[in-house]
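By written order: A, B, C and D. Residues from 1 in each chain.
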Amino acid sequence: MYSHCEKGGWILGNTIDGCQAEYVRIPFADNSLYPIPEGADEEALVMLSDILPTGFECGVLNGQVKPGDTIAIIGAGPIGLAVLLTSQFYSPSVIIVIDQDDNRLAVAKTFGATHIINSIVENAFDKVMKITGDKGVDAAIEAVGIASTFELCETIVAAGGHIANIGVHGKSVTLHMESLWSRNITITTRLVDTVTTPMLFKTVQSKKLDPKKLITHHFRLDQIVEAYETFGNAAQEKALKVILSN
Amino acid sequence: MYSHCEKGGWILGNTIDGCQAEYVRIPFADNSLYPIPEGADEEALVMLSDILPTGFECGVLNGQVKPGDTIAIIGAGPIGLAVLLTSQFYSPSVIIVIDQDDNRLAVAKTFGATHIINSIVENAFDKVMKITGDKGVDAAIEAVGIASTFELCETIVAAGGHIANIGVHGKSVTLHMESLWSRNITITTRLVDTVTTPMLFKTVQSKKLDPKKLITHHFRLDQIVEAYETFGNAAQEKALKVILSN
Amino acid sequence: MYSHCEKGGWILGNTIDGCQAEYVRIPFADNSLYPIPEGADEEALVMLSDILPTGFECGVLNGQVKPGDTIAIIGAGPIGLAVLLTSQFYSPSVIIVIDQDDNRLAVAKTFGATHIINSIVENAFDKVMKITGDKGVDAAIEAVGIASTFELCETIVAAGGHIANIGVHGKSVTLHMESLWSRNITITTRLVDTVTTPMLFKTVQSKKLDPKKLITHHFRLDQIVEAYETFGNAAQEKALKVILSN
Amino acid sequence: MYSHCEKGGWILGNTIDGCQAEYVRIPFADNSLYPIPEGADEEALVMLSDILPTGFECGVLNGQVKPGDTIAIIGAGPIGLAVLLTSQFYSPSVIIVIDQDDNRLAVAKTFGATHIINSIVENAFDKVMKITGDKGVDAAIEAVGIASTFELCETIVAAGGHIANIGVHGKSVTLHMESLWSRNITITTRLVDTVTTPMLFKTVQSKKLDPKKLITHHFRLDQIVEAYETFGNAAQEKALKVILSN
């Protein structure tokens, strides 16, 4: 469990400064750096540094997605979309993506969502129950980080199902144990360990996964302020991930 | 997942009348009755009908107890004590039992608890942290069913650990996602499936498990009112499980 | 483990007569029959009765195929091709199919094999080692049932890898423990349990799996002799699976 | 899988010289050395360096020993006895130890074997079948390394069971696939990874495991020749493990 290594874990940008510098020292580099093979697409690999292992480990693996499963992804930001892409490694039957942004939902549809729900326009609970024949989903994957989306997961998870939390929460949530105690459900939380980087790398090399789909904008280093502004207005700019290069 | 069989599951005493009758029809009997071999101790086997599989499946298996683990069992009633007995199948290093009843804690000590905490007298959180060198426990097993004991589990579970709920809750609880989101924990709920009855039966036959330890009182059928009164005043009567026979 | 049920298991066509009759009694029908929903494609479902669960359970699940894995399937008959189709539920990077029949290898290529090897024309061991950078495969799946193909699996399996046997063997094989003892490998055998029928059914309904690809010929019941002759000369007739209907 | 690390793995005494020297350089020490806490019993910990993780990982974990299981350990040398000690972490019902040395079998009995078989005096297959009611054992653990003991495992393993090989084999063995193909068995091989050293350490510290039981002789460094002779005549000298100290 690298994420909770007693002297390591999440260090850069958390317990020490981050990587926006000319030179960066990587603590415990022996255990966390991977060689890039010649000819590999470096932009694709940028997506492997955080967003894809986060979506895959915290969402897909913890949600124990299996062939034939019905799953719901709540939140269609970059992390939610990373879940969407990597969940398809396990061939679920039904992938429902729920968000409030029509552009992101449209992107989700092109990335493989079988159903999309704009939760402003539609009642998400009702629609999920309709899609799943009133059973709920085998895995409800939370990629937002607020109480209302977590509590939606509590209502749409099927008996025996999984709630896999990815979102960074600032407040507590209400856990409805009065109904959940008997439902055989599993709730997981996780700070990404990046133990799956080698596996993800193989799926990129073999074209099973195309992480470049997540890149919507490119900027040069001298446009960095503009880049941050674009990312800051992600919804308006229809931005997912932004690449900075020389 | 027998417990959520669409037409079966928890039927007796729930969706139809229970077993206090001269004759009882068992729905789906083919899948849920086991032959008692000649010479088996029938009183021991009464404990296998509910309490031991409940403690074992919902507490020990869901808590993923492993050799060397540190575990805490919150609640030393019959179910908590069933967890205590069956957790020892997996050789944890430290077994902390927390309750408010000194008699039950004394029983827990004789059943294999390495530490006991009376949470009226002592601060349970502080003491668990002291015992575990401030790491918390690998598995916190809730066998009470109220908000305060569940929330105690949230504070004493180690990073990467498990909260296995057994208690029947009547109200919601507060889930502190603001601290738990990054702690790689797993929370489980479960209505017993009794899939482990054959395994438990083998452990009884081979003397690895002595369920009769849980029986404190015997009554004849014509003493049934007294039996219920005794069980109703369990703390005062120092009652765990009560056997009724001809 | 239905396949080794003490009174059940593989009965039809094994311990009692098979199904070629006007009426058939199915022992333990409660546990082994599934309702066909209205509108389902019955020909596709015929493939779910044996060939697909066999390939999936004995080959793919026992071989523990994971995203990014390299796998080899030895034998491109209907069972080997069922492995090929269902292994893709788990997104392996490299799928090598080895056979001696160019037609079946060509079919394998259209079904998703990334590499094909005709072991008459080429040295299968050399070519697998070349494809895998001298590491061997994560899973070698034997779908023939003779000593030479099993022993090929022993040579091409990577350290830590799996040999999943499906083939029905008539003779013993030589197990090279003098090299394998230290290689951390797992060898499995299995008579299909059909526990995955519900999962496979969902993948068919959601179009993740198209079992009809395996059907090459159709006959009416009054052409049954011709049908058997076609299946008896499978290689020559380029036959995979044959459907008989009214 | 440390044992197959491309640049590491089994180095000392294999690809470079071993440890009989005044100073020793440990390659990749960061990943393979553990601090000894003050007050720990150093002689007990010597047993954790190889013999206990070997028995535990290759025998008990690979054999997937579960509560209530019936297991057979073939070979009562130090490794077989390490399996015997660590298998009890998982509370099997029946532990049969098979050897040809009465002294070692007597030791096995005191270490927790429920049944012992001297395979010179008795027919091991017949006796195992009698003990297990003709079902065979859930796990057959091979701790010798010759064809006859491996092939005994093939005959005594139950349907759905495990053969966990530990023995270092110099020759191939005959694998009876003509009977095993349909028996749903799993055969594993493994070079110890020592990933369980921290877990084993916790079981020693908490007195769940007493590895000193395996130490039969002590010598001073200046008696090293005598020590080797004793270990060389282990059967005659009734030697298990020998400690050398200043």
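The working rule: contacts are C-beta pairs under 8 Å (C-beta built on N, C-alpha and C of every residue); 3 or more make two chains touch, one makes a residue touch a chain.
This one's a predicted model, so the numbers in the text were calculated from it and none came from an experiment.
Asks: Look at all chain centres (mean of CA atoms) and spot the one farthest from the centre of subunit B.
Replies: C
Asks: Between subunit A and subunit D, tell me the centre distance in angstrom, where each centre is the average of that chain's C-alpha atoms.
Replies: Roughly 44 Å, centre to centre.
Asks: Report the inter-centroid distance (CA atoms only) between subunit B and subunit D in whole Å.
Replies: Going by mean C-alpha positions, subunit B sits 34 Å from subunit D.
Asks: What positions in subunit B touch 2 or more of the other chains?
Replies: none
Asks: Identify every two-chain combination in which the chains touch.
Replies: A-B, A-C, B-D, C-D
Asks: Per the contact definition, I'd like the list of subunit A residues that touch subunit B in the complex.
Replies: 1, 3-4, 10, 145, 150, 159-160, 165, 167-178, 180-191, 193
Asks: Would you pull the subunit D residues touching subunit B in the complex into a rising list?
Replies: Result: residues 66-69, 88-91, 93-94, 114, 198-203, 205-206, 208 of subunit D touch subunit B.
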